[in-house]
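Step one of this worksheet: look at the structure below.
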Amino acid sequence: MPSPASGEGERTHKGVRACAMPRGLLAGFSLNFGGQMMLKIDNLHVRVAGREILKGVSLEVNAGEVHAIMGPNGAGKSTLGNVLAGRAGYEVMQGSISYDGKNLLEMDPEARAAAGVFLAFQYPVEIPGVNNTYFLRAALNGQRKARGEPELDSREFLTLVREKLKVMQLSPELLNRAVNEGFSGGEKKRNEIFQMAVLEPRLAILDETDSGLDIDALKQVAEGVNALRAPQRAFVMITHYQRLLDYVIPDFVHVLADGRIVESGGAELAQELEAHGYAWVRDRKPVEAAA
Amino acid sequence: MNAAVAPFVESMRNAALASLPGSGIGWLDAARREAMHAFVSAGLPNSRNELWKYTALRALERRSYAAHDDAAATPAVDQGAFALPSITGPRLVFVNGAFRANLSALDGLPQGLSLRPLSRVLPENPEPLRFALLARQDREPRDAFAALNLALASDGVVLHVTEGAHIDEPVHIVHLGAAARHDIAWNTRNLVELGEGARLRLIEHHATAGEHAHLSNLVSDFVLRKGAELDLVLLQDAAFGGSLLRYSQLRMHEDARVALHALELGAALSRHELHVSLDGDRARAETNGAFALRGRQHADTELLIEHRGRDTASNSLWRGVADGRARGVFHGAITVHPGADGADAKLSNKNLLLSPDAEIDTRPALEIHADEVKAAHGATVGQLDERALFYLRSRGIGAEPARMLLVRAFCALALAGVQPPALREHCDALLLAHLPRGEEA
Amino acid sequence: MATESRDLEALLNRRYSAGFVTDIETDSLPAGLNEDTVRAISLRKREPEWMTQWRLDAYRHWLTMTPPHWAKLNIAPIDFQAISYYAAPKQGPKSLAEVDPKLLETYEKLGVPLHERAKLAGVAVDAVFDSVSVGTTFRKELADAGVIFCSMSEAIREHPQLVKQYLGSVVPQRDNYFAALNSAVFSDGSFVFIPRGVRCPMELSTYFRINAGHTGQFERTLIIAEDGASVSYLEGCTAPMRDENQLHAAVVELVALERANIKYSTVQNWYPGDENGKGGIYNFVTKRGDCRGDDSRISWTQVETGSAITWKYPSCILRGDRSVGEFNSVALTHHRQQADTGTKMIHIGRDTRSKIVSKGISAGHGQNTYRGLVKVEKNAANARNHTQCDSLLIGKKCGAHTFPYMEVKNPSAIVEHEATTSKISDDQLFYCRSRGVGEEDAVSMIVDGFCKQVFRELPMEFAVEAKKLLEVSLEGAIG
């Protein structure tokens, strides 16, 4: 089991107290699965429209781990997800992101996708007239081609899709509609997870995939995620509420506030947050900063 | 253009330029002579002119009008002919085109508001008006009626709100037509300017005292300086026999806002060409209107919205109803000029055709020269929803009242924003009274 | 990404693949236009005297007309005396077997094989090269079904009664400036006659090719579907890359009698000129369908990617009760291309219906205008129209314009128009890319999605061709 990012933290029975910035946080407990270091974010500073949103975020994610990033609105959670996927308009001022030892920030969005990075969008985009199946096949084959793997013909692809549909309990009718067009909020989110299931990424970032879902849809999404948990795959779940974490138990929970990770710990940290609210971490932030 | 001068043109040409206010001022006399020449040589617009495509002036061309008549300008008029509920603020009244001090209310104007008739301002202090009077003629290609107006405008509104002043009481401008021995024609020129951050509520009210077939030709310029806000109600309830030609231009500087509501009810021939130019960044215009026509009425609204600044917004909602042998024309053109990134333009025009002899012609148009743009328009012509009608009737409402209810609701959307509420209710009542067979409702 | 729009521009740097010239001996008239030119064309085509007179009538009227006023088009005046009005390969074919191999090769290169061996399955093709038809495939199969599909020249000689009855009955000689010119000098085109009750057993197609320099192409197409007949017809067009502007002024007339159904599809890929606006075809076309019989139906589908200037309004006159008119259009303008296109739906009969779907794509300095008229006449009770016009803008220097006219004189009609303008959003592009779809593919995918509604209306083979054509237009991708 890899050791925490640094030894500066102090272990408590409740979790791991975050350490001084910018060297990062303690990445957690020793669990009996896991693997290689996959993602390493070091002292990341990001500006959006001239305003600094991330102010020194450090995070390490190993294969097989599930990390939850929680935090109040405006903390910079979605910014982190978008930077990882390579969206335009996010200016990295300082710091680095390495993925499999490569500089992620230098890669185009499609190259990141081919390398196994997947962002489930907070607001999935509608693309009128473009058939869902066609889109997904173009995406999968685009990625396979970039990886030097053979492309799937339509029969192979359809077999794969049917199998994944079953797992996701989605209606096949969804496949024949245009990408996200006229989908309900829940359908859009489930479609994201369905895409993830088909594309089988190695690093999946779920940006508020739980928001706007009723309890049944939430369970379905969670089941979809759990089904994909695997030793070679890591998840970063960005969420405002703890309730998704009742169904997808994270290995680590990090609290992002005002552009910094102010608290890290195990799954129980989420419950603590739920009980005390974000004010609880905000209150202690000055103490940490002083440390 | 034509060898034989039309009677209309002839009757205008004979107007006595010398009796106009401000006569004797060199630049003004020159401009008036030049404009008259332009008018006579251009003749009236015809259907080859896209902005006049659906409004033929052949009948007007054959008519002639008396230009100025002192007797016509001073008939006794009852206040009730133009009173509006809850509107008790500053008022400027013109009867058959001439300012009437005894009907106006200009005492104790609020701080920051200057409101005077053109016929008084011109002889006293013409220089400040020079640019405003002549400028538009240089900017826009000449239209025959604009030229005619410049040549013969004898009165109008000169209104100014100083920087930062908020005029809360609505200002009521009345253009009243009163019966006279002859059919007469008059030209009115209005100049309205709101200084930076100024706010104004203005009602342009066309009313009538007795039936007549006069012609009135108005040109109005509105300038909204940075951050100014204008709430404008155009209530057109002119005489059924009259002709009313209007050209209004709103020039909006950055962060200026206008909310406009127009209700077109009267006149045999009514045409309003309304230019809204969003020149400054973040300027916004909300324009709404409705017309209800019957008999042989012809009403034409030419709404031209130009986005020039960045992040400008326009939203337009117009409704039209035509019954009898009436013809309603709507043209809503949105132009987004190069560089007007961030423009957001919406236009909706819906019309009801209630009679086999009525006609609706509508043209929404988009001209887009920038790519960071959201623009959408929609237009429909149809009739009342039979299911809604049936629903109302099945609840015990008679066929005609049910019809009225739906027509009224159809138009009401365009008038929902009229302020104050008492004025909105009054507009609604006027609309109802104008609807075909409205009296049964 | 600040580079995104620049990439998009690069992405649009198309290659025009049909721009080659066929080296073939041509018999052409010298440039210039007068009554002798008109007589010479008629003579070369061995036309009867009535046809010559018909042409001369048109010519004499044309002389009295003035060129149209170009509302949104930026166009230099055309010198009608600098154009040659007739060009034909010297070796005139009698049948396909005798066609010059160079010609066959030309069409093969364009993807339209004419050999008996390699013919397009299920599609009969009439190939028009410059001013004449060089061959028609599947003649026997069509004749067995009673369908007449031949060149217009042949129809004038072989079926004079039909031509006399219908030619000019939808687009009169004097209809407009370019229709009058066409009536005077038209060289060839296709003639289709589907007799009563016959469903044409295969798709009919005409492939137009301008080859010779300094020539105009003035084809004339006439399609008649008798009671209960139906036909699907497609035209394709290409031309070599030349620095000059060449004029193409065609007239297409469709006549649908009772219960007849005509589907007319166009994939127009005339040479558009280069990125600076040099060269390219002026495409001024009058296309009109007459739903003369009750329950008839005419549908126009067009994919317009070529030409320097396109000016055409395929229209429907809905005369018969319950007749139906449709217009589906994709128009792409790039570089300095200008398109002013749309339709007219004239509702005259009762319970008539029309549907308009227009998709405009503007890139580079391209200017794309939809101009349409929906007119409901007084007696057209229960007329219905729905119009949808969408514009897609790619880049800051292009323009997209929508000018619909709605004139309604019947109170039971319902006429609806909606239009939107948008650009390919950065969000859509990023979404595709984050799923692993490259930028170039993402753009063509989004554009294809935008056009989907129209492509659906094309016959299968041509939908594929149209899609490819758009992809080629969007090829050249990211720098």
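When the chains are written out, they are named A, B and C in that same order, and each has its own residue count from 1.
The definition used in the following text is that a residue touches a chain if its C-beta (ideal position, glycine included) is under 8 Å from a C-beta of that chain, and two chains touch if they have at least 3 such contacts.
Being a predicted model, the structure only gives us computed values, none of them experimental.
**Q** Could you tell me which chains make contact with chain B and chain C both?
**A** Chains touching both chain B and chain C: none.
**Q** Of the chains shown, whose Cα mean is nearest the mean of all protein Cα atoms?
**A** C
**Q** Could you tell me which chain lies farthest from chain C when each chain's centre is the average position of its Cα atoms?
**A** A
**Q** Can you work out the whole-Å distance between the CA centroids of chain B and chain C?
**A** 44
**Q** Please work out the Cα centroid separation of chain A and chain C, and write it as a whole number of Å.
**A** The computed centroid separation for chain A versus chain C comes out at 51 Å.
**Q** Nearest whole angstrom, what separates the Cα centre of chain A from the Cα centre of chain B?
**A** Between these chains, centre-to-centre, one finds 58 Å.
**Q** Which chain C residues touch at least two other chains?
**A** Answer for chain C, listing residues that touch two or more other chains: there are none.
**Q** Residues of chain B touching chain C in their complex?
**A** Per the stated touch rule, the residues are 50, 54, 338, 351, 353-356, 358-383.
**Q** Spell out the part of chain A that touches chain C in their complex, as residue ranges.
**A** Within the complex, chain A contacts chain C at residues 85-89, 108-110, 112-114, 118-119, 121, 124-125, 127-131, 134-136, 138-140, 142-143, 146, 178-179, 195, 199.
**Q** Can you list the residues on chain C that touch chain B in the complex?
**A** So the residues of chain C in touch with chain B come to 71, 376, 378, 391, 393-423.
**Q** Looking at the complex, which residues from chain C come into contact with chain A?
**A** Per the stated touch rule, the residues are 1-2, 4, 425-428, 430-439, 441, 445-446, 448-453.
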